[in-house]
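These are the structures, in structure tokens.
Next come two complexes built around chain A: one with chain B, the other with chain C.
Presenting the complex of A and B:
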């Protein structure tokens, strides 16, 4: 038993306070460093994200047709026109939003459930696992123009192989995949799932591998079957990742444009023209910057609301288990 | 510690970005408002070497032909060197306006006839009246109808390169197998189609939802028009329009065209169709990709009350950027005048050169499309009207109606009425915007 002087502070406390003094001295000299590290990315971010948003918000308050002199401030008139059902702009915009909503509602569940299932399969140990991981991810490296053209020809009702293969196995081989509804939606959702499931699957796979094995073993010891373990261990451990994937998938689906423009060519009529498709046509081809900006702002606001709802849903549902 | 809190930092950054954005908005994409006409210079340019940029929408089989034509010009004019860029039509029309406004675009471009008013109003292109007169070009130098078309609001905005129209392409072996001699003529259309179906071609003529040129043709044949003379009223929803839409849908219902066809050229190439209604751009395409098919081209048949056919043309335009100094303006005019006169080589791209001299040239007389260049055909051309933003109006109105009716999603009368109402509303709004 050693005798320690009560007066003097224990060596560890002294060392700690000296350490604090030393580290604050270090921090004091380099307070700007974090901001300097951020500066290059911030410049890019400001130029390509913040400034366009600000310009878009500013433009949406003006009647601005590219190339014409005069750009009067009209306040919220562009927004009012979007909600005036007698205006062509409003009718077209909301039917575009309807198409966007249909596509989002149809594709997001599939784009969350199917990649999750694929990730669970790819998480097993079997020969050729790496090969299959590459195969499922491969379509994602192609650009939208490539997959759009590819699937337009594959799904052509009279000239493409899909109908011919279906007929060969005895199924109806005359479905108009690219020129009728609801087959058009099936085509668009199917193509999008094929194209992007690899991306979501890779994220889910990484998250699955982070689920602590001990939790699974403890659950097994407690007598939980595979489904019970899935519900009680796997999903709650992945709550944050699930929330992230659901949010980005909703946003990506709501911003869909390429597949509709290439696979179904926004047919029949303009039934598969999404909101972004109409915004692009109004702004880029019609030169109506004011209206296009107002539509973009409305779409962005709706997406923010939806993201907020997703956040709230996940906080409430999974919160108690974390 | 007076370090900036995170919130403070974000607030400052946002304010700085906002201020930067708002201040940068002072420099705007705006036309100067002055529509000074193109400089009228005489003779060919012979000053210090000048480089011109030339944009055109020829990205298909016709691109290389235009490149060769420009090369001919470059070889003949050492002091004017022209650099060609071919881009997709949609991209060209979207990019040329901001590019020219920023003085980073072309000095010369090719535009379709119906696009001229849109860019004329925005100051992207300049009026050419005096310049064309100084270059010594008159209506006699061009095929009937081509030269007069490019006049909008009493000013000339383009010089024609070519004219093109809808035509019929028919397959000689398929027609012979059915005991027919082509081409198809309107009076006997149904019996010819029936004969072809009986001889094994189940769907002789495929009509696609994108066939708005066919709709325009039929509309004119049935006595209608897309817009009125002044461009204030949309008139394609008339009885003629409904009849045109019904005729197109009738092809699908009679089994002449399959339901939901999307591509009409491919089946013609592989023998699933015996007849094709298409623009002359199909000619180099068929020559390159279906060399074994014995096909013929002929003027489009008249199934309505009067002969008429969809027509459009490519025009040379001088952009605002070409007027930046006298040398460039003179060089650009030299280029445009030479190309417009000497476009005999352009016949290889399948269109009909607008220049009378080029049409008379032997090289054109040997081309497939010479049958379309007869005066009788050219006089029946129903050109697209010169209405600003007409393509945007078309996309939201009659192009959609055609698609819906051909696919059976809407009845012709209802689709035509809705399309006309939509077009009228948009036309009124645009006319208010333009102050017309």
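Presenting the complex of A and C:
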């Protein structure tokens, strides 16, 4: 029997007091041991997750400019300014929110449907499946800076191979992919699909491989065709994973920053500047902590509402099918 | 029947070695090849352009392969810009971050998986709950915390803040729960205390899961963009992604240089990917299916 810390009561005393504590104390020495195991994680967790959540909420209620003395409590003033259309800040913030919304609405359906189709493809039986899976996933490991630079080049209106290729096959080759709308959105969404398709596809593929073969066999015996089996067996068994992927994809798309910073460089004007980009610029470069915190809260709240809606939608669809 | 040995016995249909090519197989292979080109070609163009001269890379006539391959672009980014320094920064930061994530996540996950203590459920619920808090909420406050600690423009600002995530704890706890407890019991009977059991028995058993978490954390840190762009301000402190953005704004229309920089930033992660592909893909797949 071992105790790791001096001064703790001997385990046998613990042992008599409670059933659970008994085996725990016997197996793990001091009752402090679990907390020592947790300590390193929780120090960092408290400092960079818990405290910041509280600080963010607090800051959003104060006028706080970094470097200036005084942080007076202003109640909801920071929030009110965001909804006051005569404020430049409000106009710019909602323009960023609009950009984020456009990007999210355009990218999420593609980032669910296309990876699902690719996963179905990879779920067939053929040689070299692991190889193809690895190739399709590869762009994801490269990170947004590399991807952004690469596509800034590929999509360059004059020097980029995309336009030169289009012209070579007789299509219009003068689209301003990175500095006009709506081409800019096509670029941002296309680059993002290319970059992260593999991530969602790998998750879908793992889930497809978990769908019990017997279900498919049973449906086949009942005379269901391939499409019917897809609708009646595959999709319902994937409900949980679909919900997970839809949720994380919405959150990822709503956090889009790097693509707009590097591929379109927020052009034309600041039309492709996303909300998170504007929040960072306001708070960190503009030192307006109060406003930036209020904006973060608004964006986070909207995201939580949307995630909640996704959850509700999926449980309703699931409920009606059972 | 001249079927292949083992798998054919299990297969539901007989698989003769030479059967006529079915149209759906043709379609499958066509799709696979087209997708491969879609993903591989842009990366090959990046590589090819990095070996072009400035004139060729930035000309109105795109060439697939460099007419006269040269290392000028690499020479230029490695000497005129501190790309080498950024490379060292990125490597150090990603290694330290990954190590810290592993230390924090393994210890906490083991406590949650195997120990009983007051407040266990509340603490675990708290960790899980923060996984659903949108990260944007942490951006400005983390900047303030890092500023308060005097960590702006330092390695610490990149290594520590994201190290205590719920994912690692959740992921490893699942793994530890799947380990047969009798092995640990035996070690205890043999006189090991909790730390010894953890270090000598549990961690070695958890090697695949720990490797997955380490590799994923390394990638996340190596590729992180938004945070370093805003917390680093001197040129010599940049990581590669943040430095590449600087390179881009300093060298408009010098795609030879930008592609050389992009290749330098890609090489280590692509190498890691080739070596640890299984861990990376399995990690992502498990995170999704079990998460």
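Just so it is clear, the second predicted complex is superposed on the first by the 274 of 322 C-alpha atoms of A that agree within 3 Å, B and C clash if a C-alpha of one lies under 4 Å from a C-alpha of the other, contacts with A are read in each partner's own complex, and residues count from 1 in each chain.
Everything that follows uses one rule, which is that contacts are C-beta pairs under 8 Å (C-beta built on N, C-alpha and C of every residue); 3 or more make two chains touch, one makes a residue touch a chain.
In this text the structure is predicted, and so the values were computed from the model without any measurement.
By the document's definition of touching, of the two partners only chain B reaches A:286; chain C does not.
Once the two complexes are overlaid on the shared chain, A:83 sits clear of chain B and of chain C alike. Touch criterion met: A:156 reaches chain B and chain C at once.
Which of chain B and chain C touches more residues of chain A is settled by the count: it is C.
Legend: residue contacts after superposition of the two complexes on their common chain; A:65 is shown touching chain B, with no touch to chain C. By the touch criterion defined above, A:121 reaches chain C but does not reach chain B. Look at A:245: by the touch rule set out above, it reaches chain C but stays clear of chain B.
In the superposition on chain A, the residues of chain A touched by chain B in one structure and by chain C in the other are 31, 35, 42, 50-51, 55, 66, 152, 156, 158-159, 284-285.
Residues of chain A touching chain C in their complex: 2, 4, 20-21, 23-24, 27-29, 31, 33-35, 37-38, 40-42, 44-45, 47-53, 55-56, 59, 66, 118, 121, 124, 126, 132-139, 141-146, 148-154, 156, 158-161, 164-165, 194, 198-199, 202-203, 205-207, 210, 241, 244-245, 251, 254-255, 257-258, 261-262, 275-276, 279-280, 283-285, 289, 292-293, 296-297, 299-300, 303-304, 307. Within the complex formed with chain A, the chain C residues making contact are 25, 28-29, 31-32, 35-36, 38-40, 42-43, 45-46, 49, 58-62, 100, 103-105, 107-108, 110-111, 114-117, 120, 123, 126-127, 130, 132-145, 147, 160-164, 169, 185, 188, 191-195, 198, 219, 222-226, 229-231, 240-242, 244-245, 248, 253, 255, 258-259, 261-262, 265-266, 269-270, 272-273, 277, 280-281, 284-289, 291. Here chain B touches chain A in the complex through residues 3, 9, 13-14, 17-18, 20-22, 24-25, 28-33, 90, 93-94, 97-98, 101, 118-119, 121-124, 209-210, 258-263, 266-267, 272, 389, 391-392, 395-396, 400-401, 403-404, 407, 409-410, 422, 425-426, 429, 433-434, going by the rule given at the top. Residues of chain A touching chain B in their complex: 31, 35, 42, 46, 50-51, 54-55, 58, 63, 65-69, 71, 87-88, 91-92, 152, 156-159, 176, 178-180, 265, 267-271, 281-282, 284-287.
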